[in-house]
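Sharing a structure below in structure tokens format, with a few things to ask.
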Amino acid sequence: MPTSMVLPIKKVFALVDSRITVEIKDEDRKFQGRLISVDEYLNIHMDETIELIGDERGRSLGTVVIRGNNILTISPVI
Amino acid sequence: MPTSMVLPIKKVFALVDSRITVEIKDEDRKFQGRLISVDEYLNIHMDETIELIGDERGRSLGTVVIRGNNILTISPVI
Amino acid sequence: MPTSMVLPIKKVFALVDSRITVEIKDEDRKFQGRLISVDEYLNIHMDETIELIGDERGRSLGTVVIRGNNILTISPVI
Amino acid sequence: MPTSMVLPIKKVFALVDSRITVEIKDEDRKFQGRLISVDEYLNIHMDETIELIGDERGRSLGTVVIRGNNILTISPVI
Amino acid sequence: MPTSMVLPIKKVFALVDSRITVEIKDEDRKFQGRLISVDEYLNIHMDETIELIGDERGRSLGTVVIRGNNILTISPVI
Amino acid sequence: MPTSMVLPIKKVFALVDSRITVEIKDEDRKFQGRLISVDEYLNIHMDETIELIGDERGRSLGTVVIRGNNILTISPVI
């Protein structure tokens, strides 16, 4: 692995404390919230989490831990 | 990994002995019960478990062990 | 991890030689049988296995090894 | 782990050179053939493999390697 | 493993800084963008990412991290 | 593990430089091409790849890297 490359996980670490969108595999559903922590498996701890069904706001979920393997994408809320 | 960050798994450890909701991937079904133990794979041992179909109460399941990779989210029952 | 916590896998070890129900992910099907052995991945070796379709008895399967990642839940037959 | 327990994988090792049925997750399809080798992930190398669609014989596949995580069950052909 | 073989992951490392297409498992959707980094699990960090629905251009997604296990294929944009 | 057993992965290593068929989990789609390299996760690097939809030839894909966990079977083209 090229030693100068910043790994994907580091990109996610850099998003701690900011708002992120987590897209779930095989579901028309996303979670949006503040990233509290993330580990090497991309398990995610978020708070102030809301559900997005398509692009519409769904339930408020508060604190959730999401299992990394079921996550499709993680991206910053712009 | 920032050394000061509390990992997602630690958030779940902190929920041992309290009631949690476990949302299953790809199913309109949740498990709600008391968290007995959890390991690094997010395998969960719960008791007093009930099934929720959508938001309606389903069967009482008692003691179950849930395989971590099939879990979408874990959250505290508020 | 709190050192006093008994891990989920230990709960399953405690079920060796007794009858268990194994619920499969994404299928309306369960396996019921006597637990012969289990490993850290929750791979399961059962014998005297029968299939349950919903709650109706299906085929007798005898000896089967079930891949852990496709298991949703393991629970004791009460 | 109880030291006297024979692990699930050992049950599969014991089937090398005999005919097995491999049930695939989420598919109404099985593979039946002679087990050549298996590893710790339950990856399977079979030859003289035939496909079973439900209980009807399908195509002859000859030599195949099957990825362990997509296997639901492995059992001896009786 | 033959020592002279260049591993699949190395092929992906060689695509860093160039445009790639990432095909998602079970979805009629692809991501196309510039590969920023990749790790041993094939987790991908891309920017200038666009979605392709079938072969039509969908939304612009900017920066995304994609969980490796949900990726079916990675290929260079020719 | 019986020490004399040749592991499944070795069977795949032996196919490097020859044409293989890769069957994808849950899809009526296969990839056929020349195997360039494979690693312990069964990640595959192929070139001269074509898609097969059922048994009909689909698109030419050229060079692709396929994530191992989404592969159902690997077999030699006879």
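In this document, chain identifiers A, B, C, D, E and F correspond to the written order of the chains, with residue numbering beginning at 1 in each.
In this text, a contact is a pair of C-beta atoms (placed from the backbone, for glycine too) under 8 Å apart; a residue touches a chain by one contact, two chains touch by 3 or more.
Only a predicted model underlies this, so the values are computations on that prediction, with no experimental measurement involved.
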Chain separated most widely from chain C, comparing mean CA positions: E
Interface numbering overlap (same over half, different under half) for chain A and chain E: different
Chain whose average C-alpha position is farthest from chain A's own: D
Interchain centroid distance [CA atoms averaged], chain C/chain F, Å: 32
Centre-of-Cα separation between chain C and chain B, whole angstrom: 18
Contacts with 2+ other chains: residues of chain D: 25-26, 69
Overall pattern in which the protein chains touch one another (line/ring/star/complete/other): ring
Chain order, ring traversed from chain A with chain B following: A, B, C, D, F, E
Touching residues on chain B, where the partner in the complex is chain C: 13, 16, 24-27, 36-40, 43-45, 61-67, 69-70
Residues of chain B defined as touching chain A within the complex: 1-2, 5-12, 25-26, 42, 68-69, 71-76, 78
